[in-house]
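Some notes on the structure that comes next.
A, B and C are the chain letters, set down in written order, and residue numbers restart from 1 in every chain.
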Amino acid sequence: MMDKLFTVLVLIGVPISIIGSIFHWPAVIMFIVYCLTIVALASFIGKATESLAIVMGPRIGGLLNATFGNAVELIISIFALKAGLVSIVLASLTGSVLGNLLLVAGLSFFVGGLKFKRQSFDINEARHNAGLLIFAVIVAFVIPEVFTRTMNDRETMILSIGISITLIVLYLAALLFKFVTHRGVYQSEHHADLTKQDEEPEWGKGKALLVLTAATVAVAYVSEHLVDTFDVVGKTFGWSELFIGIIIVAIVGNAAEHASAVIMAYKNKMDVAVEIAVGSTLQVAMFVLPLLVLLSLLFTASMPLIFTWPELISMVTAVLLMIMLTNDGDSNWFDGLVLLAAYVIMGLGFYFV
Amino acid sequence: MMDKLFTVLVLIGVPISIIGSIFHWPAVIMFIVYCLTIVALASFIGKATESLAIVMGPRIGGLLNATFGNAVELIISIFALKAGLVSIVLASLTGSVLGNLLLVAGLSFFVGGLKFKRQSFDINEARHNAGLLIFAVIVAFVIPEVFTRTMNDRETMILSIGISITLIVLYLAALLFKFVTHRGVYQSEHHADLTKQDEEPEWGKGKALLVLTAATVAVAYVSEHLVDTFDVVGKTFGWSELFIGIIIVAIVGNAAEHASAVIMAYKNKMDVAVEIAVGSTLQVAMFVLPLLVLLSLLFTASMPLIFTWPELISMVTAVLLMIMLTNDGDSNWFDGLVLLAAYVIMGLGFYFV
Amino acid sequence: MMDKLFTVLVLIGVPISIIGSIFHWPAVIMFIVYCLTIVALASFIGKATESLAIVMGPRIGGLLNATFGNAVELIISIFALKAGLVSIVLASLTGSVLGNLLLVAGLSFFVGGLKFKRQSFDINEARHNAGLLIFAVIVAFVIPEVFTRTMNDRETMILSIGISITLIVLYLAALLFKFVTHRGVYQSEHHADLTKQDEEPEWGKGKALLVLTAATVAVAYVSEHLVDTFDVVGKTFGWSELFIGIIIVAIVGNAAEHASAVIMAYKNKMDVAVEIAVGSTLQVAMFVLPLLVLLSLLFTASMPLIFTWPELISMVTAVLLMIMLTNDGDSNWFDGLVLLAAYVIMGLGFYFV
């Protein structure tokens, strides 16, 4: 049913986006059209990546998921960077981290918990991810803010580049660890069984590649014009750049992924739901963000790895909360509610900041 | 024996408090009288609540404990708010959090550990509480301080109100989770047995209600006059408002509860001792404090949810320390000493700040 | 083989250090000579302490290790304090904490992990240490920075002295706990076996005492002259005091110890490797540093317990990362790489700060 909805949205959304962008239709209306269209396109990119991943086998498949999983966000961010909107890009990545850790995991735990009294997931995976979350968000994001206070712009960018390269190298090493050297080493039998289901690809290799290419091109086109509407939309609704980036862009870029995590939780496949929420967070923090820092060197406005304090405190506390709630490998509706409550508090904060 | 002492203290303290307040006896002497009287009255409120809780059954009993457990603090704080002493109220709630987490738990672990080599408590309960401590103290208290730096007073109060409502809703949800939907689900058999002892109420329903009402009225009377002595006492001893709130008011408001936690630890009933220390912390942070923020709207000086940095850092580090020491479900004298040492360091700090 | 190298280094390094210091040879060359000589001498102090510890039995042996384990650092720091280089001393202790937690543990996990797929260590010990790390680094180091912002110098020193005494008392209590009241209580059998090997002392009591005395005197002599070269070396290479302290002095003071931790990891004796890394961190934070604060009262420039924010954030995040990676009692090459990546990021930061 959701598939049909997304298909209709794409068939209507893409033409309207093209016509509207050419004839300069009102920005606020087009903003809504662009957002819905991207949400629908993202679901196609997700399904195509998944099908390809199954066809290609676990190793290359894992790599594909790890690279294309946040392709939509990467594309929107590149066009925002090109337009010089550095602080919106950083904010949207903050929003992606908060959205995945608090909103997606929170909804998954809550909705799953309404149906099942207790749901369990792989505790070794949760601990492995906890270490990476602390590394990426607490070490790699907080250090530059604190250290660069007395640095000039050049030193700040050099430090940002150094940290970005370290993050990407560690991200690649994490893939090597997970898919090659320690594949299955830490996986308990019970959970290994669960994740082996559903290995039938929806589309063949050719169709998947075609959809992936077409949807990616369409997302790129729509994103470029979406970015141009931020200015008018912000002024119309009284939203700050921080709020647009953290709440709006982050939700649009991740909506399809969010929906599938919640559906997995409802089917009691918590390992998949947690993998989507936390895996996606790590991908944004350790791959998409540092890649954007490096790509920004090609544009006029380079992007240092410096978040605002509200962004940093939100991400750090979200990480600590998530780690504390998941390190027993067990979730329930209340765990979900705690995460959602944290998202509400931060959302309120960013609205007024 | 302690019961007799408290009875004598009430029988002497209440009349002296009334006479002294009418004839304006010296503030420093009356400050000591008021403090001792409140400590004794609090023990009666505690016992009456406990008896009622047993009579009413576990669900309503749990709710009763969760509401009246910190009644004394709530009453003192309301009178302090009425007198416009906003920063003393916030400081006394900080003191209550620190006192419960470090002093009460520390003394319990230390005293219990002198008699028993290792003492154990319910690890699931400890983890559940750990998540709530991080949510309340780290997310809900740190976020407003960081976010409101650039906000005006009105926006600061709106954010404070929003967070307070979120905290109370989550506190009620936590009670629903603990007493209704997941009652006993996470409790190991061993610990379930332990907590089922001592189910005989000390007083009948009638007597308990009578004592509760009388003691509450008396606490209210004494608290109103206690608050008036802070100014003179602070100047006489050279204590700052922060120190009076954090160390003095917090200890007075919690002394009776503190004593019973330590006694429970000495009897090797660690689940009860930990429940008093951590449960009381959560009640203050998620119910008393946000309720006071909302009640403050009725008074001339409204109270935002903004702590000072020394208060925040103390609470955050106390929470992290407590979580780290309890997440193995095991305590000993050294764990207690670590918590007490942290309390000493913070006490020293607040004395000079 | 490494023993021979160190013997040669001492036989050549000590005479050159003496001659060079008398004839005022170029500072940069002498800086290198002094550093290498101290590294070699430290290995002799380490071996002598170890031999004595075995001869004297576990209790006094433990005490010996706990006191002389960081003797070299203590000596260098005393001479730096005497020369008024307060911020270099604090920086070198920060560097020692970071070096032990990230570089030593990181290299141990990484090198050990290249040979063994999974390596395990005592989880109870790891948790016990985690509590102390949070106490020492997060409570005792962060509190004074935040609280003293509004204090004058006298109040700052009083608070620093109070915290230092608390730290030393708790350190002694930790030794009492570990070697007397709870010796073996928390140790799993498997790990108790592992640590009982290699109980043959390399040197007899007499030779060990002689070597210890001679090497300590030599380290003292060389350290005194090493400190004098910092100024010229810093200017020549463009290194800040912070960088010299955190990276250079810390590595020199701990190099021998670092090497033996990595060797132990390669032999799959992870308990020993972790004990060296974390035990040494705790010794510096809870004994060497507070002792230096107290000793500084004898010199003209007294040293408060106030680190810079970059130092504090680095230590706090290093502690959180280490705790998260070790609280499962299991390590692998990737855990090591995460710690090393954090060290690289902080090293980059301190270079530019």
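Basically, contacts are C-beta pairs under 8 Å (C-beta built on N, C-alpha and C of every residue); 3 or more make two chains touch, one makes a residue touch a chain.
All values derive from a computational prediction rather than experimental measurement.
The copies chain A and chain C differ by a rotation of 120 degrees on their C-alpha atoms, rounded to the nearest 5. Both copies, chain B and chain C, contribute mostly unmatched positions to the interface they share, with under half of the numbers common to the two. Centroid to centroid, with C-alpha atoms defining each point, chain B and chain C lie 40 Å apart.
Under the contact definition stated at the top, not a single residue of chain C touches 2 or more other chains. The residues of chain C lying in touch with chain B in their complex are 124, 127, 130-132, 134-135, 138-140, 142-144, 146-151, 155, 158-159, 162-163, 166, 169-170, 173-174, 177, 181-182, 185, 323. Those residues of chain C lying in contact with chain A across their complex are 117-118, 309-310, 313-314, 317-318, 320-321, 324-325, 327-328, 332-335, 337-338, 341-342, 344-346, 348-350, 352-353.
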